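One chain, chain A, links the two complexes that follow: it is found with chain B in the first and with chain C in the second.
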Partner chain A sequence: MIEHLPVLLVVVPIIGGAVPLVASLYTDRAGWPIAVLTMAGHATLVGLLAEQVWSDGVVSYAVGGFALPYGIELVVDGLSLSVVALISAISLGVLAYARHAGPHENTFYSQFLLLVTGLTGMTVTGDVFNLYVFLEITGLAAYGLVASGRAASAAVAALKYLIIGTVGASLYLLGVGYALAATGTLNMADMSAKLATVGYDSTLVLTAFGLMVGGLTVKVALFPLHTWQPDAYANSPDSVSAFISALVSTVSAYALARLLFSVFTVNFLTAVPAARWALIAVASVSIVAGSALAVAQSNVQRMLAYSSVSQFGLVIVGFTIATPIAVVGATVHLVGHAVMKGGLFAASGIIERETGADTVGGYAGMGSRTPIAAGAFTVLALGMVGVPPAIGFVGKWYILVGAVEAEIWPVVAVVLLSTLLTLAYFARLGERLYFAEPTIREEAAVADGGESVSTGMLAVVVIAAILAVALTAAVPAVEQLLNETLPLLIQ
Partner chain B sequence: MSADEEPGLYVESTIIMTTVRVVAPFVLTFALFIMFHGADTPGGGFQGGVIAGSVVMMLAFAYGIDSTRQWLDVRVVAALASGGVLVFAGIGLGAIALGGNFLQYNEYLPYYAKASKYGIELVELGIGGIVAAVAIGLFFLLAAGFGHVVGEGER
Partner chain C sequence: MTVDVLQLDLLTSRYNYYAVVLLLGIGLYMLIESPNLVKKVIGMNIFQTGIFLFFITLAYRTGANPPVVTKGGGPYVSPLPHVLILTAIVVGVSLTAVALALIVRIYSEYGTLDEDTLEELYYD
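Then we have the complex of A and B:
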């Protein structure tokens, strides 16, 4: 049984996702327990898999028993293990949050589990076409989840997301086509070897790189391809925005890193400096533009969304610099950002429920009215800025050190600047929360509905805040795991 | 409910009803034909499923959306969708239970000589069921408009 873990990780949520549909013939509220049960199974499998990767190194699985490289291969190494563990943990957190916050429909939980399937599949696959399939599953489930918001704007946001996301996925597929034409294989490891023999400067290979990376940057939401993202995050239900802001772009960024390291490899980046510089330039522009746009927002959730544009720029810069320390930094920041951003969205949801505040102006004086949520929000925001000892500091620091080591000084300047800008928009919120006179009167908030908040919702936010600091302790373990299993770092 | 809101959307036409009645069995057969061709020739569950779903749409155009919705039990659609997923997962996990990898069809060979071929066919049928159910579900959902509860039975 133990050797089937990678595939079971994908199959369990598929089965779980099919059950609520049948259950809805009998009851409307079966989705949550089914999803919890499924995700508990998923988490157990991740735990067993972690043990296996920790003791034996990279785990590989041939689906259908077809000889590699012809069949689909699933591969779990340190990088994918970190991301899979993140998916499992965040999903359980979001379930605890959604128990009270909703949506409660069975269909929501079906789509939720489908999204988990897609994300897990993207993470464990070792096949570029299989990656496309899971990219589409992820995308379709995410569009549906965004559309589950009750406001009409949610439908518009989902449509926008659908159109832009499909363009991104299609670009990626086109790139896979070019790569297949160049190498005749779809298996990542095999393709990586054959790309080297074809020659990195061949037009086919360069086109494939451009299209595949371009398609994924749409999914990661780097500036200027981020336009779907703020609407999708801000207009979907709180549980959904916490979930997709924490995972969907994260896993796409992981896929991009996987392409860079396992398919095109660092040798490609060295052989074709233009490709590396183009990616670094896009990511750097994204860092600055995302931060600048975030500062300009008045709606808190839109500000958080633009902040993601900037933070993912940072992650991609780290991966593209591709020195071991920068890669560790980017991985740490990838995981840390997911925890913190998911927590921030969840906290902003609670603050909005309790006080009705959803703008920077509205946050004024709310620190005393929702002490727990506002406290957690502040801790997470400081972590995002990169105040030690939070995980955000470690990630940014490693990326910075990587950039200094590689002597890419413009990037060093951009990273430092981004920290200042991040401080600018989060400090403004912190100042409003604790040192400003309330602009929303208490009676107004209560009359406004004042939706209730459960202990589970608060617990999720508090745990996210604790993790934002505590995960720092796990960094050495992640570093060791990456050093042992990621081919790039072994050299 | 929607019948009250949108009167006159459905016009009974003998020509369309007769045509659909004659054509529908052939279209459904063609859908199955396409699904069964997934293993070794062009075709497969996705294409066949859409054709099967289109049969229900034809019926809806001929006999009215609401009467078709009543005629087609929602349980059938749900069972098709979930059942398809479970067939796929069951075949895959069955191979694991027999000691192979996920979806390793040749593990079934000792029990049935053409297991590889028919294993794939069965998976294609499962996919066809999912696609047909989703196409039918989406059609009825769109036809119902936005008056009903948000987020009902989409997937």
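Then we have the complex of A and C:
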């Protein structure tokens, strides 16, 4: 049993996801308990795996017993374990939020668990084609979840997301084809060894890199391929936007890092500086453009979505600089951003339910009407700006130090500029929340909104705010974990 | 002159790749340019078909047998890309199904499949 842990991590949510559909024959309210049970199982498995990874370093599993490198391999190391733990924790948080906030239908929970399956699979797989399959499972579940919003615009946003997301995944698949032609293998470890023999400057290898990385940047939503994201986040139900904003782009960025370090390796980045500079350039443009677009938004959830475009630019820059300190920074920011952005979306959902405010103007004077949600929102926003001691500060600081050490001065300037812009849009909100006269009358809000907020929803937001600060204590552990699992970095 | 002959040979023997490039180009163009949502989804399918053909062409080997062991000795064509594409086709069908379901909902809500009209209604 214990040796099957990696595959169970994927199998448990997929079986759990099928159960609510069968249960629909009897009741339409069975989804929530089933999802909670499944995710509790998932979390237990992660705990058991953590123990194994802690003692053995890397856990490898051959699916179906087919000999490696021909069969599909699942690999759990320090980096993937942290991401799987993040998936488990955020899913449980979102479930606590969704119990009251809804959607309540069984189909929602089926899609929810399917999304967990896809995300977990993307994280633990050691096979580039298998990654494509899980990428599409993640995509399909996410499109369905976005469309579960009651407004008609949710379907338009979901279709837009589907079309752009499919092109991204298809480009990735095409890249896998080129890599297969160059090396004849799909296993990541095997491919990385064979790519070195083929030669990093071979046209096939370069095309494979461009297509695979290009495809994943669509999923990560870097500028200018981010256009699906604001609509998808702003039109889906609050539980969904908190879940998707926290995890989908995060796991895609993790997959991109996996591709950079485990398949192409830093030797490729040093051998082909043009590829490295191109990625750094795209990510840097994304940092500035995302922040600038966020400043221009009046809808709070769209602002948060554009903020993600910028923050993921930062994460990818950190990974591409590829010095140990920059990679630690990028990983810390990846995890920290997931917690903070999920919390911000959840808090904005509560504020909208309690006061009816969903625009920057509408937030005026709401600090006293929803003290807990507004307080948590402010803490999370300051964390995102990078005010110490929040986790957002540590991630940005490490990336910045990495850029200075690597002497990439334009990136240093971009990171500092983006921090200022982040401060610009979040400080504006904080100022409105606490120091402006309300523009929405209280009676109007009650008549208009009237949707209640549960203790569970508030607890999720408060815990996210506490974690945004408390996680800073875990940074040394992450640093140690990464130094063991990714020894091959640009020194 | 031998170089020229070689290239001509390349040009005439690799016609599968022309089909791949054509399908990818046509698919992507339809996907971006057509204002009709259903045609966008058809474009998406054509784009994916181009990728499928690319993989199948990768597996081909001149003079090789089908990868069924009872059919005598090798060399065999590579069975791996066929299996991959079988999976990718399933993924493609699921995506098309979800896309069409969304289009049905959009049509019943807005009464149009035209992207430009939809854009106007959407931002109202």
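Rule of thumb we're sticking to: the second predicted complex is superposed on the first by the 487 of 491 C-alpha atoms of A that agree within 3 Å, B and C clash if a C-alpha of one lies under 4 Å from a C-alpha of the other, contacts with A are read in each partner's own complex, and residues count from 1 in each chain.
We take it that a residue touches a chain if its C-beta (ideal position, glycine included) is under 8 Å from a C-beta of that chain, and two chains touch if they have at least 3 such contacts.
Quick caveat: nothing in here was measured; it's all calculated off a predicted structure.
Clash-free side-by-side placement of chain B and chain C is the outcome of superposition onto chain A. Of the two partner chains placed around the shared chain by superposition, chain C is the only one that A:E136 touches, whereas chain B remains out of contact.
When the two complexes are overlaid on their common chain A, residue A:S245 makes contact with neither chain B nor chain C. In the superposition on chain A, A:G65 contacts chain B only, with no contact to chain C. When the two complexes are overlaid on their common chain A, residue A:A181 makes contact with chain C while staying clear of chain B. In the superposition on chain A, A:G144 makes contact with both chain B and chain C.
Touch criterion met: A:S110 reaches chain B, while chain C stays clear of it.
Judged by the touch definition given at the top, the superposed model places A:L21 against chain B, while chain C stays out of reach. In the superposition on chain A, contact of A:Q301 is made with neither chain B nor chain C.
In the superposition on chain A, contact of A:L173 is made with chain C only, not with chain B. After superposing both complexes on chain A, the closest C-alpha pair between chain B and chain C lies 5 Å apart. Contacts of chain A with chain B, set against its contacts with chain C after fitting on chain A, overlap at residues 144, 147. Taken in their complex, chain C has these residues touching chain A: 24, 28, 31, 37, 40-41, 44, 47-48, 51, 54-55, 58, 80-81, 84, 87-88, 91, 94-95, 98-99, 102-103, 105-106, 109-110, 118, 122. Chain B contributes residues 74-75, 78-79, 81-82, 85-86, 88-89, 92-93, 95-96, 100-107, 150-155 to its touches with chain A in the complex.
Put simply, chain A touches chain B in their complex at residues 1, 4, 7-8, 11, 14-15, 17-19, 21-22, 24-25, 61-65, 103, 105, 107-108, 110-111, 114, 144, 147-148, 150.
Put simply, chain A touches chain C in their complex at residues 129, 132-133, 136, 139-140, 143-144, 147, 152-153, 155-156, 158-159, 162-163, 166-167, 170, 173-174, 177, 180-181, 186.
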